[in-house]
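Look for chain A in each of the two complexes below; its partner is chain B in the first and chain C in the second.
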Partner chain A sequence: MTAAGDFPASQDAAPAAAPRRRLLEQDWRKLLRASAILAIAQVFIGLSGMPVSFDRRLLIDPILSLGYLSLLWLPLAVSYWVGREQVLEGMTAYARGGRDVLAGAITGAVGNAGLTLLVVGITHFDIRDPLVNWSPQLLGILEFEESVWLGALIWPAIGAGVGALGGGMHWASSRITRTTVIVLLSVFGTAVLESVITDLSQGFHIEAVSDWLYGPKRGLTYPAAIVVAAAAAAIAGGIAAYRAFLARTASTSGQLGIAASGETSANRVRWRRIPVRRLVGFALSAAAIVVLPLFLGRLTNELLANVGLFILLALGLNIIVGLAGILDLGYVAFFAVGGYSVAVLTSPGSPRFDLEIPWFGALFAAMLLAGLAGLLIGAPVIRMRGDYLAIVTLGFGEIIRVLLLSDWLSGTFNGAQGITNIPGVEVFGLATVRGFEPRSVLYLVLVFCAIAVYVSWRLENSRIGRAWMAIREDESVAEAMGVDTVSAKLMAFVTGAVLGSFSGAILSAKVGSVFPHSFAIIVSIVILVVVIFGGMGSIAGVIAGAAVLIGVLGGPNQPGLLQEFAEYKILIYGALLVWMMLQRSEGLIPSVRRARELHLDEMNQDAWLRAQVAADDAGGGGGGDRSEGEQP
Partner chain B sequence: MQLTTKQRTKVDWFLTILRVIALVVICAGFAAFVAQMIDSQNPFARWANPDAINLTGEQFQGLVVTGLAQGAMYGLIALGYSMVYGVLGFINFAHGEVFMVGAMTGAVTSSKLAEAGYWESSFVLCLVLVVVLSMVVCTVTAVLMERVAYRPLRGKPRLIPLITSIGVSFFLQNSVLALLGSTVKSYPDLPDWLTDKRTFLEIQGSKILVVVVAALAMAGLWYLVEKTKTGKAMRAVAEDAEIASLMGIDVNRIIVKTFAVGGAMAGVAGILWGLLFRSVIHTTGFLPGIKAFSSAVVGGIGNLGGSMAGGLTIGVAESLGPLMILEPLGVSGPSQLRDAVAFAVLIIVLLVRPSGIFGERLPPEERT
Partner chain C sequence: MSPNTPETNSPTPAQPASVQSEPVLELRRVNTHYGAVHILKDVDLDIYSGELVCLLGGNASGKSTTLRTILGMVKPTTGDVKVNGQVVTHQSTRDRVAMGVTMVPENRRLFKRLTVRENLDLGAYLRSDSDQIASDMERVFDLFPRVKERLNQKSGTLSGGEQQMVAIGRALMANPRVLLMDEPSMGLAPALVQQNFELIQQIHEAGMTVFMVEQNANMALSIADRGWVLQTGRVVLDDTAENLLAHPDLQASYLGTAEQ
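Moving on to the complex of A and B:
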């Protein structure tokens, strides 16, 4: 089940000598299981109402809506999984071929029969009382607004087609597979990014591009989709060729077994050897980030500002969870402290204090208060066991929300009505940042993001950063090595809290009001998902995670690119969290050290295998003395 | 134990101060409460809270009974947390959602039964049916959850299954939202003989029913764990999984059974929620889940009797605390703070006695 399936060593070595497998020599039990899982999942997706509520959003103008896509992607994924064989050491690797295609097709067809059952079920029974989506609208989508017969028969056919494609991905060479995936993703991406691209082309006064790309109903037009696909294929092909060229020139040690893994690591080394290139890339992207907002419209700037707020939050939580390994589920408390301190100090509407001090002064106070909150919450919990700590911090987060909401403290925080009329940010008389000017907010957010990235980056490689990582790996060993674990952990809390309070302070100036319900537990959870999805302890990962998740799906109270997802956001966040933990617990862009911690066994195994191959080569292929292999 | 060998640091002093503050607040609140009970014009009570009024005996009894009934429910949920923690050593955060699934199942089936007219005519039979159905659904949910999300993570660092369970929790919660909609599902009206206050000692019948059902479920669980072979195997796995497997116990199977039993208890608790509050939505499971976890910690995690006692403690504290501690101190709107009180109890117990009131029972490597 783990990463052993894509063991790098054997994939390229196998085909030469691998025996063929008969077409019907299937692992029927696995097929049956996959089909059953697929059928249940498809029925679940149907009944969750996704096809109905996503149907309005077209991706490719007349033919594909997001609703249908929600029913198509799973057969592809499951049939790909069915075709995948686990090639472990000592087992025979079979040649890939028509068998995989057949397996995929069968799985897709049988699995999609679940939808057939759904179609028949909806036409004959009415159980709309508990299941709200057991509706004629769903039936209409499932039978393509035609007849029941069409609906019942077409889904297994579609499943077989998509499944064959999924299974066939194993048959094709890995380059073709990769290109296909890139093409599909880029078409999907272009369709999803519709509002950003339209915005951009308006900013650069090239509306013709977006007019040509997108039809009247926001979907890609036919020819545009084909052109985007072709362009993506060309670029992917180019990159692959370039990589192959690099690998050929770089690794003269082209040993059979480690060709695949050698390629990537050689690549990485190369990049590190040329810091100038990185520097240029960094400067270019920084310039782009600074200039781009000028050309973007309100919506996109607003979206990016939200992403930035979550990057700030996630970078703060990343210090606590990612670096120090403390699972803080009440991180929203610091967000709330930042937001409410600014609100109370700056707003003329705040019930108790009538200070109306400028935003930067309030920010300073918010930082102090958040640091204090970090100490107060951190001190009682740092001695607790990791999992108790999680629940207790969750409790603190909830206590703070309940207190903000309560009548008792409504003299200061105004209870459920919240504090409104928070003024914008006066930047030293130069400019004013206000919520209704998303561009100015975005610049403010970018400044703070830059500060947070710099702080995280410097901290990561500092003395305290190494102490945090030591604590994360093994607390008692760290203590034995002379790390003052208590103060290091408190430092993590305080630093994370201060970064979180920035975000809260900006939020209250941006929105102009704060309410207790903006600081619910779900905010903590979403930030946690962002950190984990991106990669715990990795700054680039956290930024990428926030951009993808918050940008596409949206935050707990903020819409993303796919506004249709609003009701299903948290569902998807939950599923994503589980899937990430099961499949790739180190995240999208893992920090090297973290990945090493999590996959120590597999890495050892890899190294051992590599040593074996090397020993075999040295010994002229005779594998007789394997038993005394130097196991690391 | 560590404190004796280590120097007391600033954090320890800070914790001591926190403990003292907690104690002082509780004592002051309680003293003010006693003062206002003696005479609401008492100068001490007036000083603490200018509008002090004394609770009548009837109100007091009502609060205690409500607290006990809710506490019994928390206790049943807490058993699931406690058993899983004992066997696998991680907090199954999603257990509260299993409870919610049970309450939902109960709401759907009981309203269907009421539509068909059986709920009125043969209430006891219907209740048994609903409880059994809810237990089955919850057991299936819990076992599936274990199979899909937790089994592949055996042997990973402890925080990984915990994070996974948070994901499972939000997935379950929002699946129910997506499948069943966001409307409040309500239970049909209970028969008159249960809602009448005159049943026994002026206590509402439904609350007695809740306590009785909880006691029955607890007795069943006690029998399972203490008297059967499966229970013996469960205790063995909780003691030391590795040695248990050497003794020929199928550890995976026992873990599945543990999840199943915990799920069944959560199913019963779900119906009790329905009887007490009569309405369910998809977020119902979250707070009771946390409170039940607090109960398990308060009673000593891994300790089944302790979980039940912890549940009763949390239930009563949550119901009495706002009026006995907070209101005498002049906090306005104290019953809004009941959730905060439940969390405060958890924090105070962990500060004062981290292993719970009745002591935890955990395998050696989990003990601290």
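Moving on to the complex of A and C:
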């Protein structure tokens, strides 16, 4: 064997060279495990009541409801996961083939047999008693309103089909896979965004579009779904072709230069292209963001305002968790300080003070108080690390809520009754922002989001931003480099606190009232999930995370696009958090830094290092030639 | 290359105090505790400008604690740390770094998810003289051309040898007066250890004062001018590298645990 045989290149291994596995040459244990997990999860989803609650929401008019989708997505995901293989250097990379499809189909079929058991079980035993969420309608859904036999037999069949699709995604070329995913997401997205799109088409006076897209009972109509899918496929194909074209021109221009300068010339081409494209893209999206609310209806503006409030919160927490690496589970405290400061200072209903100062004045006070709260909470926890710190911050978050609720301070905060009658925001005599005018609230939120994005962006690229990242990576080495870790961490707390207080201050004026229960632990958790889901340390990621999660699922006290999810929101947030942690995922839009840390890369590196060390150990002098690449 | 190493080292005078009036770094009867545990016991050290000296000792003898005490990351219970003749015992780590004391930590400890460039920038964290920083960066590249190629790579994905270069480069970016190195050969493949010590010597010959802490006594003494041997927190030997290498106690009590 040649030396190359020992270290096959992982990514670009020529498919022709990779050995093929036979159809039945499966990793049966892995299949079994995945099937069992799938079966348990499917039964859980069924009994949780999701299929029944979501069945009312049609996605594609007669054929697919959100309820059925809740039973379909998991077989797809699990069967895709079953076929996933990490190929490390030093391992054999097998060619993809029919084996993946079979593995997916088996997993889907066996896993969905869980639903067969469920159908049979429900028919023969009374499970009402222990499982209150279970409703008789579930049986109807599982049986497609036909017979027990159909219900029992069809689910494994569906599982096999969906599973084959999931497993087959590994086999298909990445272009086909990507197109499929884009098509599915587009159809789903168009269905989910129904109210927004209807709203928009009313705003632009093109109701015909939404009338054609959506049926009378909500949900995409049959033909509309097909057209959307076709359009998405066409656009995806077009983009892929354009990319290929760009890549081809770039490589030709690289070849024009001398071999050694090839890389630099490619860099130069890219460098010149990006800023203009970025600038145009930035200007266009800024203009769209400013103009769009004018064409949106109340509900959509309200929804976007809520998203914006959570973007503010998430950007603030992102500084603490994402940049400085301090796991703060009590972030809601700063939200509460912002909200209550404005309430106490501006409302005529404020029990102790009768100040009724304008909102902007109260905002200033809120910022100061939040900064102070950041110092007070930060100071004692800053010397702690990891899990201790997380638990203590969790406690502080709760203390603030308990204080607001307490009899002791009810003379100021009015206890559980909260503070009501909070006036709107007078914008320098030009306009008034009031809760019943969601558009005005949205504009106010957008202004503060813009401020928060700018501040985050500047901080990230500043000296203190660098210090935060160093602390996140290795606190004691950061200290040894001369970083004043205590003040840097306090600074992160204070900055995050002030950004969070903006959100609370706007919330007060928007809702017109604040109550202690609006600031429960769950708010901290949801913000954290948004940050992690979006991509810790990434501004764009945090914004995208808030848009997707808060927009679709809704915040802890705010409805999202899928209002059917309301009961299950917390369950879904929890599941998402667990999954993100298990995957150690980098989120929707990883920060530029994190994008580089592809896990596979790291593992390859480790494998390579081990091989290197082994070779050195084994060969002594003989290993010298391999480590020659090491010499500077 | 390495053959002329002994020649450059042997003429080094055994009494550097006669050449220099004031040590760059000085420890006077330093005692350090972790809680109730007495780690460093009456440690006396002095390092003069331009020297390459080493502190030898087995596992858990207190070598890293000595460096942490010098940097102020742990405060001595009694005794004094002096930098350039000035007592810094009660000053912060930050102040000491600003005075020119910089460490290459044990196991390199790069900021793994940051790029090589960001790591180097963090080395110069306390500096604001951007022109000088840029030229120091160039010096690091001259020393390690390999680092320049990897500037935008995440430092955690570098090989062990490359990580060592970045770790040293990061420390040099602070423009230190004295470079502390905590077990530079630890965790390196044997083939790289020799190369690593040559590198340290190269930096030293370029004028850097180096205080290195090592378990690998033979290797360390082959390039050092002087050395101390630390045993359970107490300095038991203090001599020139030559004498230490020949010392029967060192061979008997200590080298038994060292490699080769």
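The working rule: the second predicted complex is superposed on the first by the 555 of 632 C-alpha atoms of A that agree within 3 Å, B and C clash if a C-alpha of one lies under 4 Å from a C-alpha of the other, contacts with A are read in each partner's own complex, and residues count from 1 in each chain.
In the analysis below, a residue touches a chain if its C-beta (ideal position, glycine included) is under 8 Å from a C-beta of that chain, and two chains touch if they have at least 3 such contacts.
In this text the structure is predicted, and so the values were computed from the model without any measurement.
When the two structures are aligned on the shared chain, A:348 is found in touch with neither chain B nor chain C. Of the two partner chains, neither chain B nor chain C is touched by A:238. Set against each other, chain B and chain C touch different numbers of residues in chain A, with B touching more.
Using the contact criterion defined above for the overlaid structures, shared-chain residue A:478 touches chain C, although it does not reach chain B. In the superposed model, A:394 makes contact with chain B only, not with chain C. In the superposition on chain A, no contact is made by A:136 with either chain B or chain C. In the superposition on chain A, contact is made by A:466 with chain C only, not with chain B.
Of all residues in chain A, those touching chain B in their complex are 1-2, 44, 47-50, 129-133, 325, 327, 329, 379-380, 382-388, 390-392, 394-396, 398-399, 402-403, 405-408, 486, 490, 521-522, 525, 528-529, 532, 567-568, 570-571, 573-578, 581-582, 585, 598.
The touching residues of chain B, counted against chain A in their complex, run 9, 11, 14-15, 18, 90-91, 108, 112, 148-149, 152-153, 156-164, 166-175, 177-181, 286, 290, 293-294, 297, 331-334, 336-337, 339-340, 343-344, 346-347, 350-351, 354, 368.
The touching residues of chain C, when paired with chain A in their complex, are 71, 73, 92-94, 97-98, 102-103, 105, 109, 111-115, 118, 121-123, 125-126, 144-146, 153-154, 156-162, 165, 170, 174, 189-192, 195, 199.
Listed in rising order, the residues of chain A touching chain C in the complex are 463, 466-467, 469-470, 473-474, 476-484, 593-594, 596-597, 601-602, 605, 608-609, 612-613, 616-617, 620, 623-624, 627, 630-632.
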